[in-house]
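You will see two complexes here that share subunit A, one where it goes with subunit B and one where it goes with subunit C.
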Partner chain A sequence: MFKTDVLVIGGGPAGISAALSVAKFGLKVTILEEREFLGGQLIKQTHRFFGSREEHAGVRGISIVKELKENLSANDNIDVLLGATAMGIYEDGTVTMLYKGEVRKIIPKKTIIATGAFEKYLPFENNDIPGIFGAGAVQTLMNIYGVIPAEKVLMIGSGNIGLIVSYQLVQSGVNVQAVVEAAPNIGGYLVHASKLRRQGIPIKTSYTIKRAIGKEHVEGAEIVRLDENWNEIPGTEEIIECDSICLAVGLSPLYDLLSHSGCEMKYIPELGGNVPLRNENLETSVNGLYVAGDVAGIEEATAAMLEGELAGLDVVSKLIGNEEIQNEIITVKKALNSLRAGPTGIKIRNGISKLMNMETEKESIKNNMTDLSHLKKNGTPDTVNIESKLPDDSVLLKGGKAIIECYQGIPCDPCMHSCPFGAIIKFEDINDIPKIDFNKCTGCGICINNCPGLAIFVINKDHTDATSTVKMPYEFLPKPEKGSEVDVLNREGIKICDGKVIQILDGPKQDKTSVVTVEVPKAYYGEARNIRVVACDE
Partner chain B sequence: MNDDKIIICRCEDVTLKEIRDIIAEGYTTIEEVKRIARTGMGPCQGKTCSQIIAREICRATGKKMEDLKYPEYRPPFGGVLFDEIIKGDPDEE
Partner chain C sequence: MRIGNHPILTFVRAEKVNFLYDGKEVFGYKGDTIAAALHALGIYTYSHSPVNQNPRGIFCAIGHCSSCLMTVNNVPNVRICITEIEEGMTVESQDKRGVLHVQD
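And then the complex of A and B:
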C-alpha cells in the first residue's frame, strides 16, 4: 500500500502543475501517469503558445514540457510513477492502480484528477475505413514517431486543433486538401486560420463530410454544404481527392474515475460534454477530490496549467493552510479569469456559468468594433480589415514599419513584451488587439518571430525606386537562401509575383521561426505575405 | 444517407441504423440501448458513441441532451488480468 499526502492522476500539463504547486509547500505528492512518459498532449505541440508571458506565452509546447519536467525532477517531494494506471476510486478515498503488473492501493489525503480528454467521433458513411484518423493520432504519428500519416489529407473541423494539425501536416510535407467546418464560422483562432490560408489551403465553412469514398482505404471524400439550419443543401456535393480524413471535431472530458467516486456531473456542451460539478477552487462534490485541466471542461493547455496550480494550492490550504496561500490562490484565479475574459473566451465563460448555475452572457461585439465576418468565414481579412492596419503613406515611406495583422481579441501578449522600443502600445488586458506607435517602430522585426500567430510583417515601402521589402515569418523546409529567387504568395497562398530573398534571420533567437526579408515590386507590398521556395535544378 | 454504413460504436461495430431501429422500438435511454446493442461495453466504454447515441435519442424523442442520464462507469478503468487482481497488493500480506 502506498501512502502519500496528495495523489495526482495524470501527468499532463494540469497534473504536473498541480504536483509542483503542492510539493513546493513540502507536502508529499505522487503522480500516476498511464503512459511511459510525462507531458500529456504538450509533447506534440510544436507551435508557440498564446497566453501571457507569465504563463509561457510565445514558447513552444514541447519546450514548456521540458521546463515542467525539469522542475519536477528538481523536487524531492514528488514521486512520479510511469506506466501506472489508476483503476478505481472508492468511497473512502482509496485509489487502486495497476503498476508493473500488480494491483496496488493508494490512500492519499487528497486526490487531484487531471486525466484530460478523449476525442469525439463523427457519424458519416464509411466512417470506419482505414485512413480515417483522429487529429490526436495524426499528431502522435507525426510529432512523436516522425511518421507522416498520408499524402493528401482532408481535415474535418476548424477549431484550434484542426487548424494547428493542418499546419503541422503542411510542415511535414503533406498536402492538406481543405479544412471543412460545419459551423458558419471558423472555430479556432483566426491567426491560425490565416497561416493556413497563406499556404493556399481552403477553409470551407458551412460544409460537412457526407461520406468517405473507398473500400480498403480512403480514396476520397464527399462533402456537402449546409444551410443555416445545418441541413444539407442538395446539389452542393463536392468530391475531395484524399487518402486520409482527419477528424478534429472536439474533445470530451475523460471522467471515468470521477464517475467511480460518485461525483456529481452535468452535461455542458460548451465544456465538451459531461463535466464534474466543482467549486471555484476546483474541489468536486466529493470531499477532497479535485479536478484540473480538460477533465474539468475542455479548454487549452495554459488554462490547464493554471487550473492545476489552483487545485494544488487549495489542497495545500486545506492540509496546512496559511495566509500566503490565499494570496497565491487569488493571483492564479485572476490569471485564469483574464485568460478567459476576451471575446474568444465566451464559450468557456458560458460553460462555467451554466455549471455554476449562473447567468450566461450574449456574444457582444464590444471588444471588436471591426467587422470580421469575411475573416471568420474564409480565414482571410477583407480590404477594410487590411487597410485598418496600414499606416499612412507618409509613415510607410520612413523605412520599415511593423504591420500586425491581428484582428481578433485573443488572450495573447508576447508581441507587446518583445518590442525593445515600446512601439507596441502596452495592453490594458491580455485580450487587447495590438496597436503600434509608428513613431517608435524601427522596423527591426523582433516581434515577427515572437508572435505565436505569425501575424506580424515589416514593410519597407521604399526599398528602391521600384521595389519594397516585406519581412515575414517562415516555418517550412527547405529554408530559402539569401539571394535566391522565390515565388511570392498573397494571403490566399496564390502566387502574385517573383521576389528575391535579401536577408534571412534563423538563429537561436528565432527558435525555428525564420524571419525572411523579400524584395518585391512596389505594387505588391500590401499583398505579399508568404513565399514558396522554388526548387533549383542541380 | 446510408445509415447502415455509418459506424457509431467502433468497439462493438454497431451502425447508426441499428441504433435508430432500437430507439424506434421504444428503448430511449442510453442505458437501454447499451444493454441491447452493447454500445459502451467495449474497450472505450462508450466514450466514442455515447454522445452520438444521446443525440439520436434526443432527435427521436424531443428530449434535451442535458436531461439524458449517462451510464455510470465502474472500476476497473482499463483492462486488468485476473492474475493481476488475484496477486493482490504485494505490500498487504
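And then the complex of A and C:
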C-alpha cells in the first residue's frame, strides 16, 4: 500500500496532460498504465493534428507523444507504473490495482480517470470471423508493430478514424477497396476524405455492409445501398473482394471504473454512449473523482489533452488553491470551447449540452455559405467549389500561387501561422476557412507541408508556354526522383496525363511530407492533384 | 508479413525472441505482443468459441474485447493483444473454456 496526492488512471494524452498540470505545482502524481508503454492511442497516430498552434497543430501524433513523455520524465513529482491495471475504487477513495502479478492498494487524495475508449461493434451476418477488426486494431498492428494487417481492406465508416486509418493503410502498402458509409454524407473532415479520393479509393455513402463472406477467415463482403430511410434497396448488392473488414463505426467510453464507483452516468449518443455526469471542471458526482479525455465523451486527442489539463488544474486548486490557478483554468476552458466552436463541433456541443441538461442547437447553415453537398457525398469538390478557390487568370500568370482546397470550417490554423509573408489572412476564429491574399503569396509552398489536411497546392500556370507546374504534398513510398516521369492523377486518383518531377523538397522542415513540383501540360493545372511513381525499368 | 520501408515510421527489429506456438518453435521481435508476432507469421485464428467452435481472431487489439484469448505459459484466457512475447514462452490455442491449474 502507498499514498499519493493525485492518482491518474490511464497514460494516454489525457492522463499525461493531467499528470503534468498537477505535478508542476509540486504535488505528487502517480500514473497507472495497463500497457508497458505510455501514450495510449496517440503513439500510432502518424498524421498531423488539427487544432491551434498552441496545442501542437500541424504536428504528427507520434511527435506529440514524444514531447509529452519527455516532459513527464523531466518531472520528479510523477511516478509512472507501467503494466498496472486499476481494478477497483472503494468508497473511501482507495484504489486497488494488479501490478507485477500482485494486488496492491493506493490511497490518493484525488483520482483522475483517463481510461479512454473502445471500438464499437456492428451487427451484420457472419461478423465474428477472423479478419474483421476494429480500425484501431489495424492501426496498432501496422503503426506500432510494423505488421501488415491484411492485403485488401474494406473500411466501414467514414468518420475521421475510418478516413485516417484508410490513408495510413495505403501508406503501409495495403489496398483499401472502398470506404462504406451508411449515412448520406461523409462523417469525418472533408480534407481527409479528399486525401483518400486522390489515391483512387471510392467512398460509398448511403451504403452498408450486409454480410462478411468466408468461414475461417474473411474472403469478401457484401454491401448494399440504403435509401433515405436507411432501408436496404434490393438489387443494389455488390460483392467486394477483400481479406479484411475494418470497423470504424465509432468509439464508446471505457467507463467501467466510473460506474462501479457510483458515478451518476447518462447515455448520450453524441458522446459515444454512457458518460459520467460531471461539472464543468470535470469532477464527477463522486467527490474527488475526475474524468478527462475519451472516457468523458468521445472527441479527439487535442481535446483530451486540454481536458486532462483542466481536470489537473481543478484538482490542484482544491488541494492547494491559489488565484493563479483560476486564471489558468479559464484559459484552458477557452481553448476547449474554441476547439468545439466550429460547425464540425456541433455533435460534441450538443452532447455536452444534453449531459448538462442545457438546450441543444440545430445545425446552422450560416458557416456553409458554399454548397458542399457533392463534396460531402463523394469526397471531391464540385466545379463551383473548385473555382471559388481559384484567383483570376491575371493573378495566376504572375508566378506560383497557393490554392487552398479547404472548404469546411474545421478547428485548424497551422497554414495561417506557417506563411512567412502573411498571405493567409489572419483568422478571427480557429474554425475560419483560410483565405489568401494573392498579392502577398509568393508561391513558396511552405504552407503545403504545414497543412494537416494536405489540402494546399501551389500552381504556376505559366511555367513555360506549354506547361504549368503544380506543387503538391506527397507522403508515400517510393518517393519520386527529380527529373523522373510520373503519372499525374486528378482529385479522384485517375490518371490524366504524364508529368515530370522538377523539384522535391524532403528535408527536416517537411517532416516526411514531401513537397513535389510536377510539370504538366497547361490544360491540366486545374486538375493535377496527385502523382503515382511509375516503376523504373529494371 | 511485416512492413519494410514506411514513409513516416521506422521499425526497429533488433532482437529476435523465440517462443512456442502450439508446440512449434516460432519467433517475433522484442516488444511484439503475442498477437502482433502471430499475425506477422500469418496466423490469424487464436481460439475457437467454446460452444459453437467458431474461429476467433483479433478484434480490438487493446485488451478489451476478449476475442484473442489464448493459454500462455499454462495460464488460460490471456489477452494476447497486450501481452508481450518472452523467450521460451508457450502459447497455445484455446478451444474450450480455460482451466486454471491452481497449485496447492
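By definition in this document, the second predicted complex is superposed on the first by the 538 of 538 C-alpha atoms of A that agree within 3 Å, B and C clash if a C-alpha of one lies under 4 Å from a C-alpha of the other, contacts with A are read in each partner's own complex, and residues count from 1 in each chain.
Operating definition for what follows: a contact is a pair of C-beta atoms (placed from the backbone, for glycine too) under 8 Å apart; a residue touches a chain by one contact, two chains touch by 3 or more.
This is a predicted model, so every value here is computed, not measured.
Look at subunit A after the overlay: subunit B and subunit C fit there side by side. Within the superposed three-chain model, A:123 lies in touch with subunit B and out of touch with subunit C [touch as defined at top]. Contacts of A:62 after superposition: subunit C is touched, whereas subunit B is not reached.
When the two structures are aligned on the shared chain, A:105 is found in touch with subunit B, with no touch to subunit C. When the two complexes are overlaid on their common chain A, residue A:96 makes contact with subunit B while staying clear of subunit C. Applying the stated contact rule after C-alpha superposition, one finds that A:254 touches each of subunit B and subunit C.
Of the two partner chains placed by the overlay, only subunit B lies in contact with A:274; subunit C stays clear of it.
In the superposed model, A:87 lies in contact with subunit B only, and not with subunit C. Within the superposed three-chain model, A:161 lies out of touch with both subunit B and subunit C [touch as defined at top].
Looking at the shared chain after the overlay, A:263 reaches neither subunit B nor subunit C. Seen from the C-alpha centre of subunit A, the directions to the centres of subunit B and subunit C diverge by 50°, a value given as a multiple of 10 for the model superposed on chain A. Of all Cα pairs linking subunit B with subunit C in the superposition, the shortest spans 5 Å. Once both structures are placed on chain A, subunit A residues 34, 118, 121, 128, 254 are touched by subunit B and, in the other complex, by subunit C.
Interface residues of subunit A, counted against subunit C in their complex, comprise 34-36, 41, 46, 60, 62, 118-119, 121, 128-134, 136-137, 140-149, 171-173, 216-217, 254, 475-477, 479, 512.
Across the complex, subunit A is touched by residues 1-3, 5-9, 11, 13, 31-33, 36, 39-40, 44-45, 49, 54-65, 81-82, 84 of subunit C.
Within the complex, the subunit A residues that touch subunit B are 1-2, 34, 85-90, 96, 98, 101-105, 118, 120-121, 123-128, 210-211, 252, 254-257, 259-260, 265-269, 273-274.
The touching residues of subunit B, counted against subunit A in their complex, run 1-2, 5-8, 10, 16, 44-45, 47-49, 51-52, 65-66, 68, 70, 72-78, 80, 84-85, 87-92.
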